[in-house]
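Naming follows writing order (A, B, C and D), and every chain is counted from residue 1.
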Amino acid sequence: MTVLNPEARTMTTMKDLKGFCYPLTPGGTSSLVGEMPWHYAAEYVNIVYRADPAAIAAYLPEPLEPGPEPDIAYVAFSKWWALWDNQPEMAFTNPERTQYRECAIWVGCSFQGTPGQICLQIWVSNDFTLARGWFMGFAKKLGQTYITEYHPLNPAMHPLGVGSKLKGYVCAHGERIIEGTMEIAHKISPADLPKPMGLPVFHIRHFPSIVRGAPPSVLELVRLGVANLRFSEEIWAGNGTLTFFPSDIEEHMTLVPREIIGAYHFSLGYSFPGGEVLFKWV
Amino acid sequence: MTVLNPEARTMTTMKDLKGFCYPLTPGGTSSLVGEMPWHYAAEYVNIVYRADPAAIAAYLPEPLEPGPEPDIAYVAFSKWWALWDNQPEMAFTNPERTQYRECAIWVGCSFQGTPGQICLQIWVSNDFTLARGWFMGFAKKLGQTYITEYHPLNPAMHPLGVGSKLKGYVCAHGERIIEGTMEIAHKISPADLPKPMGLPVFHIRHFPSIVRGAPPSVLELVRLGVANLRFSEEIWAGNGTLTFFPSDIEEHMTLVPREIIGAYHFSLGYSFPGGEVLFKWV
Amino acid sequence: MTVLNPEARTMTTMKDLKGFCYPLTPGGTSSLVGEMPWHYAAEYVNIVYRADPAAIAAYLPEPLEPGPEPDIAYVAFSKWWALWDNQPEMAFTNPERTQYRECAIWVGCSFQGTPGQICLQIWVSNDFTLARGWFMGFAKKLGQTYITEYHPLNPAMHPLGVGSKLKGYVCAHGERIIEGTMEIAHKISPADLPKPMGLPVFHIRHFPSIVRGAPPSVLELVRLGVANLRFSEEIWAGNGTLTFFPSDIEEHMTLVPREIIGAYHFSLGYSFPGGEVLFKWV
Amino acid sequence: MTVLNPEARTMTTMKDLKGFCYPLTPGGTSSLVGEMPWHYAAEYVNIVYRADPAAIAAYLPEPLEPGPEPDIAYVAFSKWWALWDNQPEMAFTNPERTQYRECAIWVGCSFQGTPGQICLQIWVSNDFTLARGWFMGFAKKLGQTYITEYHPLNPAMHPLGVGSKLKGYVCAHGERIIEGTMEIAHKISPADLPKPMGLPVFHIRHFPSIVRGAPPSVLELVRLGVANLRFSEEIWAGNGTLTFFPSDIEEHMTLVPREIIGAYHFSLGYSFPGGEVLFKWV
């Protein structure tokens, strides 16, 4: 039988456990997500479209309201390079912990007269971004997103430019869910990107109770902060298409496109300094 | 411009959004996890061992305390077949949504004099079990677990029995983290499985705040319920080994084995009817 | 500068390199596939159907011919446990190297009056079975196959039996390609399994030349051997369905079902002792 | 019984089946690899080192010989963008079919007095590059390669330049196999890249027989062609490290580094027009 130092039995309090999230550990280095601010860069292929405004409104519980254009939505296919603040060397320590892909359905909304946007459904390729998203009210599931890339040194690939055709698609649990395409037509500036892109993000944070039938432990409306925003020099606009595929278990079909507005290919970077709670349902 | 039915703008309230967890939707069928009770079957290869009791105690914040054997721990490699209650046909609807694998480090603990167990670190193969685990206080990350299987019809495989050698290992983000082996020696009955296997599960549920630097939104001690427990007819015991591999980002090394107690191969089934909250830190 | 033993420069001949296939190495232990015989067990969900006989015939080059039922085909969803002969401990050494899943389209054929079967398209989950298949004339690509499983200890799962519903599906490069279902109706014996299941396998082995435009290096008709064949005690028959999904790059749609014959769920084991070459096209 | 057009039974000959490789089909569009030339772009992190020359020589069967520096080797971590000639739109049709990653061990060699290089072991992330590699004599297995990336728009990432630290690693079947790091020190020109990088590639093509114990169907020495070679403007050189991890089933440990020469980060593009056969062992 191991002899135990009796003092060891009484020394641990919750403040001795560290980590932004699970696992909470004595060392705090294995937390699935590290400390805010979180720092991002993303490359996007976004298809902006109009959906059934009633279908969008059905996702916007009071005090959220439909936005000024109550039928506006977009699907964003994206690649990400991310860091949290307290492990700034992670892209070197373990590259896999800093790269991922995702596909998201965004719609316009508003809160107390402020136009904004909300992400309704989203699939991502890794666990840390899934968890980090949950903390921000992103309803993330795992999925695989693929996006066209043209490398300028490949002798058979034309460098990206007017006329280039891009495709993104996402699949999850063996189903292709959404596919989007874009044909590049011309350059625009960041101010030309159509809303709700760029508007404040209003999200619903949720965490269930452990007690069967009880109200959720967390159910609150939040606004996500943003800092250090910068855009790529090149922002491409063009024509787009979107195909939503039926699924046995997903619910994206009510948000199916009625009309395509345009397609946009660009990169940006920003930091997430945290958010603020606007309203609590429980 | 789409003409909007003005009534659509005011009809949605939070009670119109359904789903046990994200995504909260009008239909409620795409929730990553469905309603309790949750129903499980698992096949285990478990290696029971002694670790540094101070290292274990460092994971047990008041009012949790070390258990009667403060150095006891086990690593569980397991395959799972799971359902939630409101989509009982899911193994047919989409088989992928009902099968996964995991590897976990468990240790003994106690709460107000009741001996129990707590899972300190765990890696799983899918998103729905990651999320479901988070709701139960499992600190789940994604990882790949592989476990020896002998099919009795393979002409070169000996059917499982005395002398059979089994291996489990788990890898995540490109690192093999833990490897365990077992050589089957004899059969035992469920009552012979050494504690803390079978003891009540005390877990710490945690969900961070969206506000930088704020206390977590959820930080509570819970006890997990269990119902419908049944064991496989065959429960095998034998000798075991465990190897913990160093990692750049994981913290399992403080829990490294000092002595191996034994190894166990068996299956069980149970339902999870929900849990109860024992204590709140915030 | 390293001092080199001059004899080392002249000692290596091709017979010093070992391995059944790539990589050929001095040690011969890292070969992606080991030595024959190869030993298998499989669990199947097979849907037997009729296709366009002209579409099948278009896959059967002389001296292969259509079989006695020129429109018969089946889709096989299966799980595998496999070993090669010279590393009989591999299920313990590395479990991942012995387990995989696949989905295949088989059709009837004949050679010089002997009825047989040929696998036209097939997707598998791992590299070693992809390579091993290529050596046997299976046109294997990577894909993910999922199959319904009911664990008898799960409190919400009914043990497998009459009325059980099973589904298999395969997806590759983000596309679901084929989905099949079965509802179990009754037990049968191995002799009741409809042909071409159980018939000799005639395959086309192919390996391209490195010289652009040159004939392939290998293009031969082979017959695969089988030994140690044994079936599971329980062989289930029932009703089936099949859905072929369109693809941007796959060619299974010409083999789409016209009529479903039946569905079969069973396990078997066998050894592959090698094959014989029947005909060479080059 | 289906009525069969009798002419359909006799019309198919081998020339009716199309495809560069498996599957050979009437349409020829689902071949796992398309027609030469093949077109590539790659981004490399390469660590050049000295190994045991006897270990290298043991991989070089006559008429291959050790190169002018018989101990020179390098590990290449790389990302790829590839097309085959007859499906030039594939990066749009299905982006997943044009992107992959790999890690390879290369060594110097020579043939009839011509210095060259040969890839001894290599792990790749996808099926089409695995197969295409086999046709060129690359001993490809599946593995996952991760490489540091710094996106210039991420507020916490320093743009790539002097002082940047890069890591690559490869894992397969649950084992991390090789890890390499680089710290960028200065720019160089393509001519400064140390040999054997840039030398002709001499490879051993191999395809086993289906007959147990028979000589392989293909065993030949080839030289790979190259066309349209172009380099990135920026070629970075610096210091490097390499760690080879022991494996239960891989054989890279005999090629472990004795001394690190340098590390190189650059991109290039080229076309592969086919190769020539230099020698046949069977």
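Methods note: contacts are C-beta pairs under 8 Å (C-beta built on N, C-alpha and C of every residue); 3 or more make two chains touch, one makes a residue touch a chain.
What you see is a predicted model; the values in this text were computed from it and never measured.
Common neighbours of subunit A and subunit D under the contact rule above are B, C.
Averaging C-alpha coordinates per chain and comparing to subunit A, the farthest chain turns out to be C.
Chain centres here are Cα means. That of subunit B falls 40 Å from that of subunit D. With centres taken as mean Cα positions, subunit B sits 27 Å from subunit A.
In subunit A, 93-94, 96, 146, 169, 174 are the positions where the chain touches two or more neighbouring chains simultaneously.
Looking at the complex, you find that subunit A touches subunit B at residues 2, 4-5, 8-14, 16-17, 20-27, 29-30, 32, 36-37, 50, 53-55, 57-62, 64-66, 70-71, 93-94, 96-97, 120-121, 126-127, 130-131, 134-142, 173-174, 204-208, 210-213, 217-220, 222, 224, 248-251, 254, 258, 273-277, 281.
Per the touch definition, subunit B reaches subunit D in the complex via residues 144, 146, 169, 171, 174-176. Taken in their complex, subunit B has these residues touching subunit C: 39-41, 81-83, 85, 88-89, 91-96, 98-99, 146-157, 165-169, 181, 227-228, 230-232, 267-271.
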